[in-house]
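Read the structure below first, then the notes.
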Amino acid sequence: MVEIRLLEIAQFLGCTVEGNKEALIRGVAPLDQAQVDDLSFYTNSKYATRAKLSKAAALVVGLHDRERFAGRSLLISDNPYRDFARVVAKWFNCAFLPKAGVHPTAIIGENVQIAEGCSVGAYCVIERGAEIRAHTTLFPFCYIGSKVTLGEHCLLYPQVTLLDRVIIGNRVILHSGVVIGGDGFGFAPDPNRGHIDKVPQVGWVEIADDVEIQCNTTIDRGALGATKIGRGTKIDNLVQVGHNVEIGEHSIIVSQAGISGSTKIGNWVTLAGQVGLVGHIQVGNGAIVTAQSGVAKDVPPKSVVTGSPAQPMIENRRALAGMSRLSELRKKVRDLEYRLRELEQGKIDSG
Amino acid sequence: MVEIRLLEIAQFLGCTVEGNKEALIRGVAPLDQAQVDDLSFYTNSKYATRAKLSKAAALVVGLHDRERFAGRSLLISDNPYRDFARVVAKWFNCAFLPKAGVHPTAIIGENVQIAEGCSVGAYCVIERGAEIRAHTTLFPFCYIGSKVTLGEHCLLYPQVTLLDRVIIGNRVILHSGVVIGGDGFGFAPDPNRGHIDKVPQVGWVEIADDVEIQCNTTIDRGALGATKIGRGTKIDNLVQVGHNVEIGEHSIIVSQAGISGSTKIGNWVTLAGQVGLVGHIQVGNGAIVTAQSGVAKDVPPKSVVTGSPAQPMIENRRALAGMSRLSELRKKVRDLEYRLRELEQGKIDSG
Amino acid sequence: MVEIRLLEIAQFLGCTVEGNKEALIRGVAPLDQAQVDDLSFYTNSKYATRAKLSKAAALVVGLHDRERFAGRSLLISDNPYRDFARVVAKWFNCAFLPKAGVHPTAIIGENVQIAEGCSVGAYCVIERGAEIRAHTTLFPFCYIGSKVTLGEHCLLYPQVTLLDRVIIGNRVILHSGVVIGGDGFGFAPDPNRGHIDKVPQVGWVEIADDVEIQCNTTIDRGALGATKIGRGTKIDNLVQVGHNVEIGEHSIIVSQAGISGSTKIGNWVTLAGQVGLVGHIQVGNGAIVTAQSGVAKDVPPKSVVTGSPAQPMIENRRALAGMSRLSELRKKVRDLEYRLRELEQGKIDSG
């Protein structure tokens, strides 16, 4: 069992520590569930009461929350959630991993290269010409298509499918059910012939370093050329990325968002949950698209857009406010009508 | 071939029977497709004509529909759909199941416990320390992670993935492509360092008894602590359940709904299709969220909310009605303008 | 390496050719990426500049664009995208396919029929009584349930699941993660007993010829009777098709759309991305539902509907226009109020 002094944790994080520096930390937990030897963290004033009642041995908090917790053992951080995460990652992250080496049931095609330190789980299939670089881990039932390149220190959970010629960088994490390199949705309907022709999807997919893609998400190959996901971008569950989409670096794509073909997303962009984007548009660096928005035209850098069809946040708020004041306007018009009738009748009377 | 008298079915259901009690029932079918020895059912007056024309030997109907079908053979039920379902389940449900026993190609890790009466299909992988209780069935290609607990009489269709430490109750049904225990979407962006840190997801998932989860749905593990699905809850295809979500008992979550992290859903709640919920909110017992709604704040018990952003049904209807009467309001204002001009000119004329 | 004269391509397509008929074409690429021996295509005036700058040896263009590219080598087509696709399909489509024959690790049940020319990949499982017709290809990890019928010249990518009794036509393409024949979402809640009964889903699924279904899409079996997908229909990634839905011929269902139970979709219908349809409605032939729309009632043939709730395009535009002119209306009312007050005071003054 892991056991570390609070001071040692502070030194690792580069934080100052308050209270009992010698407190022994044996676990991590959220505020409510923390026991007397657990570390927890506090970032949101909504949870102030929970924090007060928490049994945790110590809390990671921001400098401005220091006085709120006077008397408790604290680690003072300029990013408490991140620093808490660093502690979990270093001492308390115990996920199960397959053994190193190639499992005897894995089927390895001709001219496949598997570098040192790799782990290839039971019932994996790696087709001919694929290359897997050092220290990459495949859980069972992964399918690695022909001529795929998979970088170093990657982690593929069970049931990941990489179709042929997909290119994956280093330290990429792919979760169960992810499919990369399926055909794009390219069809040329020809009603005269009573037929829809398939447009062959002969491109590929490039995933840069440090990308993480979560469960059951689909990234289609380019029709021609590549679909690209930039360095450090994180994609949640059940997201759809169409053919020839390009996503920049360090962007966040939340669950069930859908990005249509050939759209380009910049760096540090956030697409919230269930957002939909049409094809062939651009979303500028640092832009935010709020949940369930439907985006049909370019989004300028650093802007925040919302609604379906999406518009700048401020215009959307104005429109919603206008609608909510409709009954007030209706009342005003009714009053005007009444007063006008009075006047008209007065005129007639006095006429 | 199954063959049962109508009377015997009535006795099983505790229903009264009208017409030919000795009619032999040899199958079940919807109204249009029913043959002369099939049982069918009727619940919706939209299908009254189909019911009249149906060849079915007998119908399960409500008491208030008894006269409508005078002369036909009927089973009078206070819940015709449910009782029809009970008949199908008892006599006409013939789904294919794998043979009992562990298939020789299944790979079973150290210290795995598999109780009596289980069926483990071809090419399943069960990692070390997992426990599978009595009479549970795994179709081929299921992945059972390390230290998973899987209850009694569960049914896992092909390609189900349970990551490590997931806890599943009794009589749980998991359909193909379901992933339980993937990492939550937890990241701490740090633009100054030009990096997004992963927040380790070290919690687990608890699924209570009698839950059913349908194809390609994803349930993420808690960041810390558990994601919980309560007893009897049913979740449709392609649903996303974020980390540390808690869903109560007997709730219904329809296809493509998405629930963000740490949100709490009560008992007997209905989330209709494509609903999205932000994180850290509460949906009270018995509440209904209509299709495609976007919920950004707490939903009171037994309320019905709709729209994006979601609001109580009655306010939403009022708002929609107000908008649809906008052109009428505009006409009224135009009329006021005209009359006012007349008055003003009269005043000037007479002034 | 493939190398064809432009004239030969023109003859294959039945196009007229302009410029250098002897140009040697060695590849295909989009406008920007094309090299001096590539064929490219042009359809959208938005890309006129790219087309001018493109290094491509020749372009496939429409007749009306002929003059725009005077001096270049051209293939004149009445459907440039389709004809370009035909060229790619004929000469430049090089996707990796598994070898013919049944892989020794495939597990084949009793009474399974596999016709000549089939390819069954590693670790496929085909349950008893299934039939696979000539020249069909299964990539690894496909699960073919009991009594499934799979037509000729089908292509199933890795990790496709067909549950028991599913019927698939000829030339059908199913992408990774597709699940066909999972149970429909049929439950009869019974709050008095504190229980939700499962309604057994004992129907099946019928997929006609030339259908393509993309990654991680789910098609549920009928509760009773069939869920049907008509000839030539194309379904994108992550789509949900509920039990007893019927989709006609040559329809296009875009990513993340959801169709609730028993709804009927006609021929040549387009459902754009993230559309949701309630159950038990009809969408007429040739109708278009725009992205993210929520459809709660029948859609007439050839109509275009939009919004949530969906309404005819023209009404939706009028409603949006009305809302955007609200502040103008408000100003008008303010002006009327002012003038009326003036009049009233004048009246009082002169009274």
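Side notes on the structure shown:
Think of it as A, B and C in the order they're written, each chain with its own count starting at 1.
Throughout what follows, a residue touches a chain if its C-beta (ideal position, glycine included) is under 8 Å from a C-beta of that chain, and two chains touch if they have at least 3 such contacts.
Fair warning: this is a prediction, and the values are worked out from it, not measured in the lab.
Look at the contact of chain B with chain C and you find different residues on each copy: under half of the numbers used there are shared. Bringing chain A onto chain C by least-squares fit of CA atoms involves turning it by 120°, to the nearest 5. Annotation: 25 Å between the Cα-based centres of chain B and chain C. Multi-chain contact residues of chain A (touching two or more other chains): 123, 141, 159, 177, 216, 238, 256, 274, 292, 308, 323, 326, 329, 333, 336, 340, 343.
By the touch criterion stated above, chain C contacts chain B in their complex at residues 107, 123, 125, 127-128, 141, 143, 145-147, 159, 161, 163-164, 177, 179, 182-183, 185-191, 194-200, 202, 216, 218, 220, 223-225, 238, 240, 242, 244, 256, 258, 260, 274, 276, 278, 280, 292, 294, 296, 308, 318-319, 322-323, 326, 329, 332-333, 336, 339-340, 343, 346.
Taken together, the chain A residues at the contact with chain B in this complex read 28-30, 33, 46, 79, 81-82, 84-86, 88-89, 92-96, 105, 121-123, 139-141, 157-159, 173, 175-177, 212, 214-216, 232, 234, 236-238, 250, 252, 254-256, 268, 273-274, 291-292, 308, 323-324, 326-327, 329-330, 333, 336-337, 340, 343-344, 347.
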